[in-house]
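Structure first, commentary second.
Naming follows writing order (A, B, C, D, E and F), and every chain is counted from residue 1.
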Amino acid sequence: MTPKDFAKQSGNESAATRLLSSWMTPHRIPAAIYTDPEIYALELERFFYGHHWSYVGLEVELPNSGDFKTTFIGERSVIVVRAPDGEIHVLENRCRHKGIRLVQAPFGSVGDTRRFICPYHRWCYKLDGKLVGVPYRNGVQGQGGYPADFSLKDLGLVRLQVACYNGAVFASFDADVEPFKDYLGPTIEPFMRRTFNGEPLRVLGYNRQRIRGNWKLMQENIKDPYHPGLLHAFFITFGLWRADQKSRMVMDQHGRHACMISARNLGGQNEEVTGGVNSFQEDLKLSDPSVIDVQHEPWWGEHTVVMQTIFPSVIIQQQVNSLSTRQIIPVSVDCFDFVWTHFGYKSDDDAMTRRRLNQANLFGPAGYVSLEDGEVIEFSQQSHATYSGGECLAELGGRDCEPTEHMVTETLIRSMYQYYQSVMRP
Amino acid sequence: MTPKDFAKQSGNESAATRLLSSWMTPHRIPAAIYTDPEIYALELERFFYGHHWSYVGLEVELPNSGDFKTTFIGERSVIVVRAPDGEIHVLENRCRHKGIRLVQAPFGSVGDTRRFICPYHRWCYKLDGKLVGVPYRNGVQGQGGYPADFSLKDLGLVRLQVACYNGAVFASFDADVEPFKDYLGPTIEPFMRRTFNGEPLRVLGYNRQRIRGNWKLMQENIKDPYHPGLLHAFFITFGLWRADQKSRMVMDQHGRHACMISARNLGGQNEEVTGGVNSFQEDLKLSDPSVIDVQHEPWWGEHTVVMQTIFPSVIIQQQVNSLSTRQIIPVSVDCFDFVWTHFGYKSDDDAMTRRRLNQANLFGPAGYVSLEDGEVIEFSQQSHATYSGGECLAELGGRDCEPTEHMVTETLIRSMYQYYQSVMRP
Amino acid sequence: MTPKDFAKQSGNESAATRLLSSWMTPHRIPAAIYTDPEIYALELERFFYGHHWSYVGLEVELPNSGDFKTTFIGERSVIVVRAPDGEIHVLENRCRHKGIRLVQAPFGSVGDTRRFICPYHRWCYKLDGKLVGVPYRNGVQGQGGYPADFSLKDLGLVRLQVACYNGAVFASFDADVEPFKDYLGPTIEPFMRRTFNGEPLRVLGYNRQRIRGNWKLMQENIKDPYHPGLLHAFFITFGLWRADQKSRMVMDQHGRHACMISARNLGGQNEEVTGGVNSFQEDLKLSDPSVIDVQHEPWWGEHTVVMQTIFPSVIIQQQVNSLSTRQIIPVSVDCFDFVWTHFGYKSDDDAMTRRRLNQANLFGPAGYVSLEDGEVIEFSQQSHATYSGGECLAELGGRDCEPTEHMVTETLIRSMYQYYQSVMRP
Amino acid sequence: MNVVEEGPGARIGYIIQRLALSDLYQAYADSLDRGDLERWPGFFTEDGSYRAQARENFDRGLPLAAMFCQGRGMFQDRVTVIAKVMVYAPRTTQHVVGMPRVIETGGGEIHARAQFCVYHTLPHEPTALLAVGRYEDRVVEDIGGRLRFRERTAVYDTLLLPNSLVYPL
Amino acid sequence: MNVVEEGPGARIGYIIQRLALSDLYQAYADSLDRGDLERWPGFFTEDGSYRAQARENFDRGLPLAAMFCQGRGMFQDRVTVIAKVMVYAPRTTQHVVGMPRVIETGGGEIHARAQFCVYHTLPHEPTALLAVGRYEDRVVEDIGGRLRFRERTAVYDTLLLPNSLVYPL
Amino acid sequence: MNVVEEGPGARIGYIIQRLALSDLYQAYADSLDRGDLERWPGFFTEDGSYRAQARENFDRGLPLAAMFCQGRGMFQDRVTVIAKVMVYAPRTTQHVVGMPRVIETGGGEIHARAQFCVYHTLPHEPTALLAVGRYEDRVVEDIGGRLRFRERTAVYDTLLLPNSLVYPL
């Protein structure tokens, strides 16, 4: 906390309010947005609990009627459940009696009961949230029970808006949220449709990490085409990345979502495009190339790598044959959980499944590439937490927020913060 | 934090103050009282450190002169000690020199010294707290030492008010606190006298849990006769509980303390009284009935189960032959320690001791019944912490705060919060 | 939090501001200065990040060009590095691009690169902090890159002021900080020069502890000649300390730094000077006297023990043959890390090194003496955190802040807080 | 070491028994950690007893245990209640148990001791320490030569348990 | 215990193998903890495989592993990338591994299991838990009589890993 | 494995020694954990030495140890000071120690190594990690055939100790 911060706190207006009122430059980012608990609380409110859609899972995770999972939107636990009619409901995981988180298991099935029953006093909810039973409602032997004007009708588990997009499930707390397709917008939606193309999916497994950094640092990381060829020596060393490879930076009409689109390089190096990276070790070779044994899939088209950041909650990864959703679950201002769901298509043959699993060595908590992203995010947070007057620079490729046909730019970060400012302004 | 909360915090009056000023409905409980640190700090002040009595132990824990224990009232450490004259003193565990917590051991004896000596500079206190020695008070060889006007008299360990009630020990920081008997009030005191009847006690042992929930959730739990026949499937499954069993809900004149009084059921079931609980598993039987091998004790009278909640700090349990005090030690707004002291009477024969120990399988951190209470309390806190605009309902049996002759009611919870509002109102 | 505190918080002026405005008595210390996060934040600002010098290490830790270490000033990570010209630089460990903590290793060498390269995007800094390389600055194949007005000049790693004092290294964030010698002042500097006399040093090793107490409690501890003969029974039991041993309490012109100077006792006891300490166990003997096998070193002069407290960050220990720096690294309002660097002189023979190592048994986390200091500091914090209205007394030897020729006084504590008040006053 | 030196046969027998003891301890932990709760009673003799007891009670001679079973029936009831009756957040445990040491042998019983730490993992939460402590055991060679506990006391140091003790230690 | 009683020779052989198994497990952990990463591939057969896999995947039959190697080449690549390619905060690990238990023997393989907990220490930070879990292993007597893993799966309970898994478990 | 194959007798001797080594390690930990501090010096030879040393010192060849004893006298002094002289909050410790591994044998000494984690429990507080690390030991067969440490170094990874190290690791 700088003396200025301190002084501010003594006034009537909080430091957070002042910062959010006055911050106008998306290319210069104040460290306080990563560390101020008041700003974080407002982010939860406006992004995760407000008029935005958040990722909650894949339909294939709930194959049968009665199957459910629990996950989080922001810090709030929600239940995702498949109703007998096949519909997916997303419900607040919060009993309306005394407010308890009534479901604990990450995955499960309600079985034949077709009900969620709160363990504490056994209030009984249908899978669409409706409250259908309250023990002793009419008392026992004429004694006690609920008052005459007590109505079950308003006491269901709160149901969220749900969008199922070819197998991907999103939800929103806001009843007035725009339709999901509009939320993505015309520039982003085609890329969503590219991966979630209606082909049935198969979950290959999960990775879960707790990363001690502010959640936005992960969004920035995947909107940053500047780092992969510099941080990820694996890409460079084994010739998988060049700064001059064909690529596009696309964002939605608000600048919040983005796609980093590129075609993997064929190997080799030259001074300009590796940025003179001195760790480039020409003599290193992979003994076993199976982690980079790529097979082109028909649905790719010309793009071999597409990283989608769907604000605020998820990244949709296609890195050649490795596919995953990466859910961002904020835990506190300086921490988030990062949940990877690797998947393929039901139609994959064994060789393709093996290929996806081999390539998974690049991703997740032990990933040759992704491990580094988690590390630098923690390095960032450590610094922001202590150099609180600090500022980050995002001026590569200029100071505007336009899409580009190259990757030598931080435009996607700027466009996200331009949107952020517009929503967070007091 | 809801946007409303956020807005409030920017004003001059804190969200806590506003909430406490405006909350009038004890049957609708705002989640913020379980999560707001400012409210919690005020609770410590007004309840634990104010004009209330808190449980600190049993006399039998300190059989000999010089025996002491350390425990907590609210977050504050206190020393309970038996002086040479047999009297019990309760002292702030805080040296008046540099304020250190001078005694660390949970149990001990000062032995022949008859003094507490602070380890840091060896200020020396009598067992009633009086400061009787300060090293180098008059300097050494004419140099240094304390000023002439330095007086030991005002620098004793602060002594609390103490009430020994037939072996149970309570203390208060407030010199003007009402007498303990008045504090209990005429409706509750007879039940206290029923268990602590002058018969010498024997401690059977301790259980200690750290529960990540607000301390009031535990008070509510034991003021809630709605849940035992619904949450505690053990009771239902093995026929030990029916909602129609004879029972009474009693509170003191302020509504803060309570007794849930009932007579254990003789087994069997019917639809109405088990609330249609679908987990009732008729085919389950206990292979060994010793955990429910009850023997009526003369002092019981007609009541087989009496659960006393003595606000704010303790529950006095009689569940058939299992007796315990359950001390509530708040640790933070979202956490408390729960300390169980199981006891019997000195006059118990071995069979009765074995019986109490067998029945102890129902209680504590691994208790067939109590484990569930700890679990649902944590489920509650998880939800309150994240759904901060939430509200709990306590409308079973109406919205008033009167005693009842049945258990189909949340009247005790309402009466506690009515009292709470009166004390906490700014 | 007392009700008064609570009330204060509801007003416009924070409790911290009010306290700092009104506290005038250095001999009576309010517990809140050990527990209030706002006060702590201001301390970081005014002491650790303001016009003070902080200890960062010993030159001998970085023998070669390119050697570096990371350490902390306050909560901020800094890099200490030896440049090719032999100069020591101290740099903020914070990349100017996205602010990450770019160096993680506690010790290391940049080797032949002579550069710090940020891992994230490989911005490249010279060892004096200058930014000398930014990948893709001019774009790739005419696309992207930094704007024309983008200047590397202002984006170096921020360089701190550095003072190398005969092998001890101090640094300051304040460009206008007074010269280090003036900072020590004429009364303290000779003692610094006594230990750091130009004789080359040898590091014997490190001890690191995390102590759950406010950082000032450690400064107080080493400014407190009242406790060693009372708390440290080892000193008393084995005759190494008497309250009447020749000693002096010296402070700098501001009262912030101090030296406790004394001559070790030759053994024996008498009632007055041991304060009647009843744990004095005459029958205990050391089976092996090697931990107290003292050999006088020429540079000592008449003093056998000199403990220097260089405010705010370090203690310079000479306890007969045991030498160390003890760095104080605040972690939060209620916690600090304590880093011991034991050293001797390069010219020590093996016997002297063995002696220093043997005597090290008295110090550090397992030290016969120092262990006790860590313990009482935690006992203090426990109490301050819960008895928030508490007050500490520092009236031994009067209420003034003058140097003394004896040790029966708390004058050094008072003088530190007099200085503290002057700096912290709003 | 209480090896009675009576030739290689006896010594081999002793060694085999030590390995069997190690296997018993590891199998016990493993079956709990993998959720095979039903196998738990079988690690005890028919008349065996089990206690999960706080060290403060153990050390001070106070008889209370957080969990107490005596005789196969009580073991089976504990299993039934855990598996079918109680409500709690699902969790997994993981024990790490030191090599058991034979303290004394006599009367057909081995008095053995081993140290343990147990972690638990709750939904959506990092793994956390549940309890550390030591086993104080009386082991016998039961029917079929299989080693079983006649008495096992899991003395846990962890005075403040993190809320619930669902499974035996 | 699957001791085939065929005289003292066989029994001694069995015992020696159990100790060798223990040594294998401890040496594996020790070489990782002391930073001898280069020795890691040598604990596996040429065609061996390794997985560090979350228990939720293992239990539900999902094939994904956080770390996966099959064949000496992939092992060596993992070592190279850890040692020479990746950027991460330096750290040390410390395993504590229980005595391995033989679950089954057959086809020249030992199916063994042991429980582990692993701590890591990062610069300027207190030691923290990295992961707990169990090893599910297939061990064979390799060339020269040395025991090696044909297959090792480190099944970790710790669903929420504390950020990075730099070294194998 | 350094088993010199000289017939079943030698092999049995080897095995017995390995078990005795395990017992030594467990008994050492157990006596500390149960507060039998007085027995601690007896685990060392008369001229034995003990160090509790931070790994950063050990690895960099810096001689400082947080705790250092050389010769029975210094051991006894450490015990006396802990038991009768120093002020500290009472606590209990709990070690979990892996099976020791013989690194090398020669000159009448066994160079052995084992990994440990140690927890401590302070009054009114949850159990917490104290330290993790490994023992680097030189063990000899002392008078009466009992195994004792000639040298034990507890190398702890835990650079930031949680305040005090009251008891030896």
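We take it that contacts are C-beta pairs under 8 Å (C-beta built on N, C-alpha and C of every residue); 3 or more make two chains touch, one makes a residue touch a chain.
Computed from a prediction, not measured in an experiment: that's the story for all the values here.
Considering every other chain in turn, the ones in contact with both chain C and chain D prove to be A, B, E, F.
Farthest chain from chain E, judged by C-alpha centroids: B. Among the other chains, the CA centroid farthest from that of chain D is the one of C. One simple way to say how far apart two chains are is to compare their mean CA positions; for chain B and chain F this gives 43 Å. Contact of a single residue of chain F with at least two other chains is seen at positions 8, 12, 15, 87, 89, 96-99, 117, 124, 126, 129, 159-160, 162. Among all residues of chain C, those that touch two or more other chains are 12, 77, 104, 106, 119, 210, 231, 337, 372, 375-376, 379. Listed by chain label, the pairs that touch are A-B, A-C, A-D, A-E, B-C, B-D, B-F, C-E, C-F, D-E, D-F, E-F.
Residues of chain D that touch chain A in their complex: 87, 89-90, 123-124, 126. Contact residues on chain C toward chain F in their complex (touch as defined above): 106, 203-212, 231, 233-234, 237, 281, 284, 286-288, 290-291, 337, 342, 353, 357-358, 360-361, 364-366, 368, 371-372, 374-376, 378-379. The touching residues of chain B, counted against chain C in their complex, run 12-14, 17, 38, 41-42, 44-46, 74-77, 92-102, 104, 113, 117, 119-122, 133, 135-136, 139-141, 143-147, 150, 155. Chain D meets chain B in the complex at residues 52, 54, 56-57, 62-68, 70-74, 76-78, 80-81, 84-89, 159-166. The touching residues of chain D, counted against chain E in their complex, run 8-9, 12, 15-16, 19-20, 22-23, 25-27, 29-30, 33, 92, 94-99, 117, 119, 121, 124-127, 129.
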